[in-house]
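Both complexes shown next keep subunit A, but they swap its partner, so subunit B is in the first and subunit C is in the second.
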Partner chain A sequence: MLDVLDTFSALPIASLEVGHHLYWHIGNLKVHGQVFITSWIVIAILLTASVLATRNIQRVPTGAQNLMEYALEFLRDLAKSQLGEKEYRPWLPFIGTLFLFIFVSNWSGALVPWKLIHIPEGELAAPTNDINTTVALALLTSIAYFYAGFKKKGLGYFAKYIEPTPILLPIAILEDFTKPLSLSFRLFGNILADELVVAVLVLLVPLFVPIPVMMLGLFTSAIQALVFATLAAAYIHEALEGHGEEEH
Partner chain B sequence: MFDFDATLPLMAVQFLILMALLNAVFFKPLSKALDERDNYIRQNYKDAEDRLAKTQELASQYERELAQTRKAAQEIVIAAQNEAQERSNQKIAEAQREAQQAREKAAAEIEQQKQEAMQSLEGQVSALSRQMLEKLLGADWVNS
Partner chain C sequence: MDPLVSAASVLAAALAVGLAAIGPGIGQGNAAGQAVEGIARQPEAEGKIRGTLLLTLAFMESLTIYGLVISLVLLFANPFS
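The block that comes next holds the complex of A and B.
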């Protein structure tokens, strides 16, 4: 598959690069520079929108405040529907930031023509199409739900591993590994696949034909952000509640 | 594709920083604004409801008073009508009595005058019958 793509990339019209990164060296650590560049842009967009919205808070919202209030109410409903009225407030920033960051990242990948900006190596793309980003977010989710469980029940949190029966202990332990794995790979796979499909179609037919796939990509991107945030909230809820709800 | 390196922990740290920043500039102030607006609306709604209840109470009170007043007015009217009726009856009765009296008086006068006339006629009977006799028999015969 990748060989085929490489032969295509020999063509001058457009090119596909998978696995090439712009490496930055910090001490003796290597980081993917292109991921950070786009993620900073995403962060800048989020912070700018937030500051614009909250700079001058009115009772009757207008403009940016209205937009961000709409976003906030959406996130509140999301968190509330998963965590319940009582528990959702302390977790709202985490779940909300997850959603906003993934959503803006995904849409930036679908809407901003990053590929026109040339960098020395690799290419700019949505931060979420790098496995490091998605795994980082998934691991944070794992830490978050462990933290939620321990904070609520202390060491009694481990009781959920042997309830209702100790026979399920291996599966319960396995779940703690499959949760971040499925979270990160779902997001990574969807976004990378979407960008690859669009890129391949652009290679084959440069005009108009990729547009439906791009629309589908926008849809998938939004859905993936929603799925990630919802699942994170559901895992936290599970840890808070404790009685074994199976994998969603 | 799957090369993990320092991007992962740095991304996690960056995400946590983003979360803290967004919490400070987005979630907290805007949540506060939403809650305040909710409170404001709820307060206003409650005030309006209170006021509505008060208005309804006042309206019903006014209606009650109005009904009472109407009843009182009707009573007054009825009383006045009764009084007027009574007074007119009284007046009519008085007038009838007066008329009766006047009639009786007139009748008595007539009777009296009749008696008088009869008496005076009776007094003249002998003279008249004498005159009649004189006319019939001649004065000489009668006087003798």
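The block that comes next holds the complex of A and C.
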């Protein structure tokens, strides 16, 4: 890290700790412990919400059940609008899980006061502001759309690489690499940028002034979760339909 | 860190995010202008236009974010230090 930024992070209120991690050694692997802790908390929140909502199901929903039914309807509409009426159902759990995990992760980074909990090295933050989390999610999306294509068309799936003309073969192959790359970088960059901007503003003016930027951060976090889920659905749809007429 | 590498990295980081902001800025301006025009022509479609606009703005913004990722790598995880 640069020296100037080190003097910034010596201040007690706002620290910019990019690139400092709490390392856990598991076998030969070095893993980022703070991401695991926050991911587990996010998973626990989601599990608790689902259990609470489905424990005592009523015909007229109230409270937690109402909220989760709203979320389910929202996700169903999202998947239906991208994948179409006939094919959306088997992919709804995947797309819904992606959206809910990313959404709760992003918002937990902004709403849960992680900075009050001190860990030996690094700091707790949204799990999605670590590139490893977003790359894992993006690679899962890649596997999902390859699986969708193979299941529907078998080896005929590869025909889409040479379908209009074989000249475009390199670009078609390159596309399979740029899709996970852009998905993961988009999410990672947005969340990290949000946290950095908020940290810098808190550093300059600790009271009240950062609040509008925090609200903007909440908004973009939600939009990014929506964008990730929408794009995952669009890629799966493209693999199911043959070569895409819709490019993002 | 070598002061020359450090200076070049800071300059490159500023250029990366600054240049990456130009194109999406123009694009987002165009998109927002067209959306306002669309709402003026057809005020009852405002909700639909706003939803689509926000989603497309997020796509355009991701281009700047790529530049930002490059500058963050240069500042915090510099491969040449």
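The rule is simple: the second predicted complex is superposed on the first by the 241 of 248 C-alpha atoms of A that agree within 3 Å, B and C clash if a C-alpha of one lies under 4 Å from a C-alpha of the other, contacts with A are read in each partner's own complex, and residues count from 1 in each chain.
By definition in this document, contacts are C-beta pairs under 8 Å (C-beta built on N, C-alpha and C of every residue); 3 or more make two chains touch, one makes a residue touch a chain.
Since the structure is predicted, the reported quantities are computational estimates derived from the model, not experimental observations.
K.L.:
Are subunit B and subunit C a fit on subunit A, or do they clash, once the structures share the same frame?
P.N.:
fit
K.L.:
Does the superposition put A:109 against subunit B (first), subunit C (second), both, or neither?
P.N.:
neither
K.L.:
With both complexes superposed on chain A, which partner does A:189 reach: first (subunit B), second (subunit C), both or neither?
P.N.:
The second partner, subunit C, only.
K.L.:
If we overlay the two complexes on their shared chain A, which of subunit B and subunit C does A:217 touch? Say first, second, both or neither.
P.N.:
Neither partner.
K.L.:
To the nearest 10 degrees, what angle do the lines from the C-alpha centre of subunit A to those of subunit B and subunit C enclose?
P.N.:
100
K.L.:
Mind working out whether A:230 is in touch with subunit B, subunit C, both or neither, as first, second, both or neither?
P.N.:
second
K.L.:
Could you say whether A:132 touches subunit B, subunit C, both of them, or neither, answering first, second, both or neither?
P.N.:
Touch status of A:132: first partner only.
K.L.:
For subunit A, which side has the bigger count of touched residues, subunit B or subunit C?
P.N.:
B
K.L.:
I want to verify one number: the closest Cα approach of subunit B to subunit C after the superposition, in Å.
P.N.:
5
K.L.:
Report, in rising order, the residues of subunit A that make contact with subunit B in one complex and with subunit C in the other.
P.N.:
18-19, 192.
K.L.:
Within the complex, which stretch of subunit A touches subunit B?
P.N.:
18-19, 21, 26, 29-32, 35-36, 39, 43, 46-47, 50-51, 53-54, 57, 59, 61, 65, 68-69, 72-73, 76, 92-94, 96-97, 100-101, 127, 130-133, 135-137, 139-140, 192
K.L.:
Which part of subunit B faces subunit A closely enough to touch in the complex?
P.N.:
Of all residues in subunit B, those touching subunit A are 1-12, 14-16, 18-19, 21-23, 25-27, 29-31, 33-34, 36-37, 40.
K.L.:
Okay, in this complex, where on subunit A does subunit C touch?
P.N.:
Residue positions touching the partner: 1-2, 5, 18-19, 182, 185-186, 188-190, 192-193, 196, 220, 223-224, 226-227, 230, 248.
K.L.:
Under the touch definition given earlier, write down the residues of subunit C that touch subunit A in their complex.
P.N.:
1, 6, 9-10, 54-55, 58-59, 61-62, 65-66, 68-69, 72, 75-77
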